[in-house]
Amino acid sequence: MIEALRKKAEELLKNKTVSVVFGYGEGSTPERTRPVFITKPEEVNKLTWNKYCVYNLTTYLKRQETRKLGKPAIVVKGCDARTLIVLMKESQIKREDVYILGVSCDGVGDPLAEKCKACDVHTPRIYDDLIGEKGENKELPFDERYAELDEYENLSEKEKWEFWQKQFEKCIKCYACSNICPLCFCDRCIVEKNQPQWIDPSAHARGNLSWNVTRAYHLAGRCINCEECQRVCPVDIPLNLLNKKLAKEAEKNFNYRPGYNIDDELAMSTYNEKDNQDFVR
Amino acid sequence: MEKSLNKKDFDNFITSLRGKGYKTFAPKKNNNLVVLDEVQGADEISLDHVITNNSIKEFFFPKTENVLSYRMEKNQVQIEEPEGFAVKAVIFGSRPCDAFSLPVMDKVFNWDCSDKFWVQRREAITIVTIACDKCDSYCFCTSVGLAPDAKQGSDVLLTKISSDNYVVETVTEKGESLIKEFESVFSGPSSDSSDRQVATVEKKFEIEKVKPWLDENFVHAVWTDFSLKCIGCGACTFVCPTCHCFDIVDECTMTKGDRVKNWDGCQFKMFTMHTSGHNPRSTQGERWRQRIMHKFKYYVEKFDSILCVGCGRCSRVCPADMNISEMLEIIETEASQSENKE
Amino acid sequence: MDNIYRPYLMNISDMVEEAPGVRTYRLNFLNEDEGKKFQFRAGQFALYSVFGYGECTFCIASSPTRMDYIECTFRQAGRVTNALRELNVGDTLGFRGPYGNVFPIDEWEGKNLVFIAGGIALPPLRSVIWNCLDLRDKFKDVTIIYGAKTVADLVYKHELKEWDARDDVNLVTTVDPGGETPDWPGKVGFVPTVVEQAEPSSNNTIAVVCGPPIMIKFTLPVLEKLGFKQDRVYTTLENRMKCGLGKCGRCNIGCTYVCKEGPVFTAQEINKMPDEF
């Protein structure tokens, strides 16, 4: 697979289909990989593929420094590819702006990442080229996809509140969660706005609650469950639990899975006269 | 006389300290993390970690703290000074690199005028360090002039000499008087005190080569190239024991408010942005350069200290696997190459 | 131990609307003893705070020769300056300072002085201008060249008149093309061009320049052409600051902390700094 990936990348760079390949390279330890940005065909050997390729590289589509490199080919797993669909639906990128190098994936992380346990997109649902075997993606039933939430949902309201208070107490407001998120693409985040000051900037109980809840809300019906926020959190807050809970509610109410079917309309920004809630009409 | 402390007496030490009104902090497991946190007894203390996830900095320079409070009524304002922020405490089992960061940071927090929030906490807290008996590939203290059993910054240093015994060295007068105060907890010299179990931390680069290269290479492609993968978050600066940058903001209700000092970081694009929208460090490459320059050039010129203790936390937490010692190795290589050219 | 983040409480005793969005406050110490002990010199800056909104940084705009009050002039732009504008005579604000270095006016004795300012950058120079005018005998010719976008944007309109009326001050005012009014008596043109036309002699002269980066960028070469040596040209810089005390770590340009080693620099010092403005 690695060879096929490198060969394809080399070809794309050589025939100038793209100016850069966003991919995975070797990391600083054997248990890590890192994002690499290949601009020269002779450097494609830096590309790798293994179970440590956890990153969702689509986040580099929002950063000015990597955008400057020109049209990218981007290595995506099935989950990451869903981000591209959301970004297209939300008019952040055009289909022709990216060359999608899909990789078929049996799961990443060691131990296996939570997101992979209920994965039904082993083969990306959108790509220009597929590296690896094309598998059959059978959509998992709703309950199975959200089984991760069972334990949490069994908590009482009070227990949930206490759980999150304890978790958010740890937050240091480093904003790694939002900076890594490919769907947190606002040029100026709400935490950077101070007229008025919507969110207390301090990392105290009030500031941490308002930040973490607001971040999760902005991703409701949009988050594709790449789990990157949770992976990067230096203080180990289970952020994806919030995202997943909101995703479940959004799917239940709007029958919508972000980035799953490219023809589905967005749950949160589509006007529909037949909407079942009065305030929209 | 040399003393030793047996692991079974840790609990006695902690409870005695608490009995005398000291707060006690030590490494403690918290799910997937080991954090320096308050402990009631030695059973809570973790001893088998490499380094705590949080640095010692937060006990002297918390992530958020009030520097003043005020009440407002019509056009009158009354200022109230924060009190009770410096509490008598012992940090037990911190690492030598963390302890070393304190005298380094003393310099900036006392530059011409003293930040009392830092200074008074420094006076109130005693540091009992445990030398590292293990390390990982991120550690590079030996490359920045430290050692896994460095003493500077600690008041007392414990070094493991057998699976359950530690040799005790007092480093400062403050440490001396602490040991005296709790003399009964400690034992006499140990027969195996020469067999110190100290980690071997690989030296990764020659620090002497770094600053001369930085002096000449404010403009260099490496800043942008290396930081392409940086996502611009504050994780590296917030977990760093020597990153001291902060923001000051007001938070208030209609009648009262606080002026708050919060951690801030040079990797955020908003950090230097003017109100006009002009930004002196508008790209991540410039911001990454600032981080390296500040630590290995500016601080050295201002205070004759490197603003890095080689703890490796920034590299461990980096969401994109930016590795600071790798950056310094690149600089060392660049420096050697330009030497050879000359 | 003193709390270095604690501001003095000041009373707003007077205010002047200078230009659209630009206002001057005159401030008096609420605690008279603090006022008596307070000292500053031209060029220094301070952090002004609106309680509930935060602190912002700008120069002290009044002269140290007039010590019974402090004046500040600000343009409403961000969160704090917007809140500052909501205040009124009689209200209380916070004041932390003075911080930073000073214009070395003792060294300027016996020399000609040329002050060049653009737009909202006259306030930082006003302190040193009045300081020198209050010690007028010590200096030779004094020239002030001041430009703004439009006539309305000129600040300190009354003082411009006062300076214009004085025999011992040569005032040149200008507005950008299109910014003039039918009865505008001054020049029309950008500051660098007007400086070139005014042709101040560089012989035994100190130049002090302050303005937006683009104005400084184009004025410095003009001064060089006129024969000004770089160590005879002064400017004052601004950068985002939070503490003003060299601790918060954001105002540095290379190794230089604007809050402690600045804000006053010579063109020579600036040219040695890395390009990080």
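So that you can tell them apart, the chains are marked A, B and C in the order they are listed, and the count of residues begins at 1 in each.
Going forward, contacts are C-beta pairs under 8 Å (C-beta built on N, C-alpha and C of every residue); 3 or more make two chains touch, one makes a residue touch a chain.
Since this is a predicted model, take the numbers as computed values, not measurements.
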- A student comparing A-C to A-B should find more C-beta pairs in contact for A-B
- Note on the structure: Taking the mean of all protein C-alpha atoms as the centre, the chain whose own C-alpha mean lies closest is B
- Message: With centres defined as the mean C-alpha position, give me the chain B-chain C separation in Å.
- Response: 39
- Message: Centroid of chain A to centroid of chain C, CA atoms only: how many Å?
- Response: 49
- Just how far, in Å, is the C-alpha centre of chain B from the one of chain A? 32
- Each of the following residues of chain A touches two or more other chains, namely 197
- Give me the residues of chain C that touch two or more other chains. 78
- Name the residues of chain B that each touch 2 or more other chains. 247, 249
- Query: Which residues of chain C touch chain A in their complex?
  - Reply: 78-79, 82
- Item | chain C contact footprint on chain A (complex, rising order) | 194-195, 197
- Query: Mind pulling up the chain B residues that touch chain A in the complex?
  - Reply: 30-33, 53-54, 63-64, 137-138, 224, 227-235, 237-239, 247, 249, 251, 260, 262-263, 265, 268, 270, 283-285, 315, 317, 319-321, 323, 326
- Note on the structure: Per the touch rule above, chain B residues touching chain C in the complex are 67-68, 70, 72, 75-77, 79, 81, 108-109, 111-116, 119-120, 218-219, 244-250, 252, 257, 259, 261, 264, 266, 271-276, 278, 280-281, 286, 290, 293-294, 297-298, 301-302
- Query: Touching chain B in the complex: which residues of chain A?
  - Reply: 27-29, 32-37, 55, 59-60, 63-66, 69, 172-176, 178-180, 192, 197, 200-204, 207, 228, 231-232, 234-236
